[in-house]
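To keep things clear, I will list the structure first and then write my remarks on it.
Should a chain be cited, it is by its letter among A, B, C and D, assigned in written order, with residues numbered from 1 in that chain.
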């Protein structure tokens, strides 16, 4: 299956052994989108690499920037201003919703319901408009900077976001009725793609896939960063460990993100967004490992500095890479149609896998 | 529909009823949406209204700001900072002139290589380079994606100043109070 | 054997001393245990809040297993990566204490063509990262179940993430296109695949 | 007699007169009539399919909050026409290693089979398109030909020498053959009540009181009606039963490897099948060509317009369902058929028999 196939979410090739419609074995073959992002980091200085951080998981560009910027700032010993921290959290959560919306629609398409995708994109459009107003782009934002942001929020941003927060839960309820509660969709996802917590542990699965297996692990809670300790939100978990559980986790997470956004809007402090940083970023030699919770799981950035103005070594722990490894485990005893539905519920991002 | 090996007849009926209900609920929702106005915008518009425009600060095409008092008619001083910061190395400047007369003889930006990160605009000490909100930049040949000095100068005539994002007041506490823009 | 005298060769070690914090007490005990069991563990210390242990290839597996069986076990391998530190290579294991978010880094220093035992027996998750490190850095994980290239195409020359790697246009890799060269044979192959 | 019937009778009379004058045996009148009828049906099917594709796109667009085709012609009316023309111009690609004969025959057979269904549709109170087909076995004829459609699908899928095509074709075969049975039983229920296999007779019985005498209002026929709708949707592969061409899994199923004209044939056949189901449903349950306001029609509309209108309603409903529901899996599809629909069909057969006995 693949590398060119409508529902491999990018350029993934799955080497299948099938017996009729039953799948006997799945071997993912990755690397078609490999763009040596880790090597590129060694040629560029810290500031220049930031746009590349967007390119790992292009549906979660803000989250990737957040991770990279956190790593660099820790290395430099910079603490961003409170307003900057709040805005960064806000952006990351908005991007989480946007990313989950794509997931939602993609899973719907994978199971054959085309319409939900369009509805999801309708709501995502509101977010993308906000991103565009703030960052100037709709997908690869490059909004964060080392020590701050590209610019402060534009004037109508908060109102737009409030409007979104007001509308969105209603829309999620609608998707819920249209897709999640649908008998056919449920029969396609329930008790399909079983991933036990033990397997998840063995394969280092994180994110909604893990929470769908009943483990309440969320980097935002386990290793809190920025203002997350001050925020009230739940980490939804489901114990069914199947595709439906993962789906429900994401659906619930979108609502939790809205909760976070509302709190962000209420608490957003004033003040500067940027702190002064030297023109040439030359961190002391050292190494750092920063983690954030991306929509797909734990996103880590291992950064080594040798005192020069470019990273000595950069490594990103991309969640899709590890989640995809567990994918064959989920596909035991699956049908061909399930393959696609399970892949959709794992929600991999090939840019994130191949790097 | 699902594995019904151990289900009783009544449970089966319940399942069917529930399935039918869920399908009807779904049909109801699609029916509601059928009568909702379309969110798509016609593009390009034929009804006389203006086409979609990106927000200010959108990173589209490039332009060099003109300045009649400087040699070359450009504000650019060919300091090569943008060329150096560009992560893709897609800017190539051939400077000419000495001291205050220094200006670009040629200024090439390969938009096909560019990833529109805005770093070059940010780094410019004299605010001579800007990105315009033009989004229709696709062409049929890769060569056409290379912006030359002439093209950049032409584009710059429409933009007397670099486009900047409107800022919320930095001292604004929670909500930035401005009139709402219709989406 | 990598003790403190060899350590400074790693670039990040050179001026790092202020950031190195001695291990906390509970760690001293654990490390003491590890040492008592015959492990050779270099107490790298807390660096930017993450404790790290440096060890050698022949002892890493034992150390990982030991860490896994602690009272509060470091039983989750969240990440693996390699690094080229000039004269030697390094493999890093990022271990988590279950799902608490407590992180620990185990570093293995090895020669440029060195061998490390594979950790796939302990964590299946190590499979892909090890393959990736192998093709990117040119070290070997002995006992790896499928040591084929993961991201790079078969037949790639050189190890791209090494510092001395020079991209060689002569070895520029293009995918052989069997359909273009010999469609009949290609189809024969494809039929075999689909069966 | 309706306009179509009048024109047909007049043409026939004209031809008979000429042929007699030219001393040509009268058989050739029939042959010519068949040819003309065939051409008319083909044109009509093409036209219907084009319209349906346009409607489908618009319905999908409105449901999904989009605009749909709007560039070519007023409201994008000619979009599908242009698409059809584009398809005709396209290069016909036969994959290397494909069975050329089967690959070509597949769409032809499929299209042929689905056109045959139109022969027995009673468009008007008196005229069917081809009077030559024995109307007494109308329902049987339909079933026979709808089960032949499998062959076209299989030929296409097998002949393409592509894994997805083959899987799609096999799925299609399994699905069509399985769903044939409950569909047949559901039809038998209607036939039992009507006492005739002829679609014309079934229509005639529903015309007396207009809307009120439709089979739709007979509670004992509700189960067969639902069954027929489900199984017919499965026969023509619309969501939630579109697994033979499940786009997210099998790319495009049995017609993955088709392009140009052949693809257009599959496409046309599919949409005309869609409409055929609407027609049959209208005939069986919605009173066929009879006006909903009683007989004779107080509005004096041509009878075939009523039929087409009713069929359109059914087709629109199917489209609505199509854009709402996800797709079933193969095993679920089979389980649904054998474990649920088939017993239900038997139950409904029993109910209808009992009702028929005492009514």
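Everything that follows uses one rule, which is that a contact is a pair of C-beta atoms (placed from the backbone, for glycine too) under 8 Å apart; a residue touches a chain by one contact, two chains touch by 3 or more.
Note that the structure is a prediction, hence the values are computed from the model and not measured.
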{"item": "Intersection of the contact lists for chain A and chain B", "value": "D"}
{"item": "Selected pair, greater C-beta contact count between A-C and B-D", "value": "A-C"}
{"item": "Inter-centroid spacing, chain D versus chain B (mean Cα positions, whole Å)", "value": "48"}
{"item": "Where chain A and chain C are represented by their mean Cα positions, the distance between them in whole Å", "value": "25"}
{"item": "Chain A-chain D separation of Cα centroids, rounded to whole Å", "value": "46"}
{"item": "Mean-CA-position distance for chain C and chain B (Å)", "value": "40"}
{"item": "Overlap residues in chain C, where contacts from two or more other chains coincide", "value": "none"}
{"item": "Numbers and ranges of chain A residues touching at least 2 other chains", "value": "115, 119, 122, 178-179, 182, 184, 187"}
{"item": "Chain B, residues touching no fewer than two other chains", "value": "1-2, 23, 26, 29-30, 33, 39"}
{"item": "Parts of chain A lying in touch with chain D, wherever the complex brings them together", "value": "5-7, 21, 108-115, 118-119, 122, 178-179, 182, 184-185, 187-188, 335-340"}
{"item": "For the chain B and chain D complex, residues of the former touching the latter", "value": "1-2, 4, 16, 23, 26-27, 29-31, 33-34, 36-40, 42"}
{"item": "Chain D to chain A touching residues, read off their complex", "value": "60, 63-66, 167, 171, 239-240, 242-243, 246-251, 323-332"}
{"item": "Residues of chain A touching chain C in the complex", "value": "30-31, 34, 36, 38-39, 42, 74, 201-204, 206, 215-217, 219, 222-223, 284-289, 291, 298, 300, 302, 304-307, 312-313, 315, 317, 321-322, 325-326, 354-355"}
{"item": "Chain A residues within the chain B interface of the complex", "value": "44, 47-52, 55, 115, 119, 122, 125-126, 129, 132-134, 136-137, 140, 142, 150-160, 162-163, 174, 177-179, 181-184, 186-187, 190-191, 265-273"}
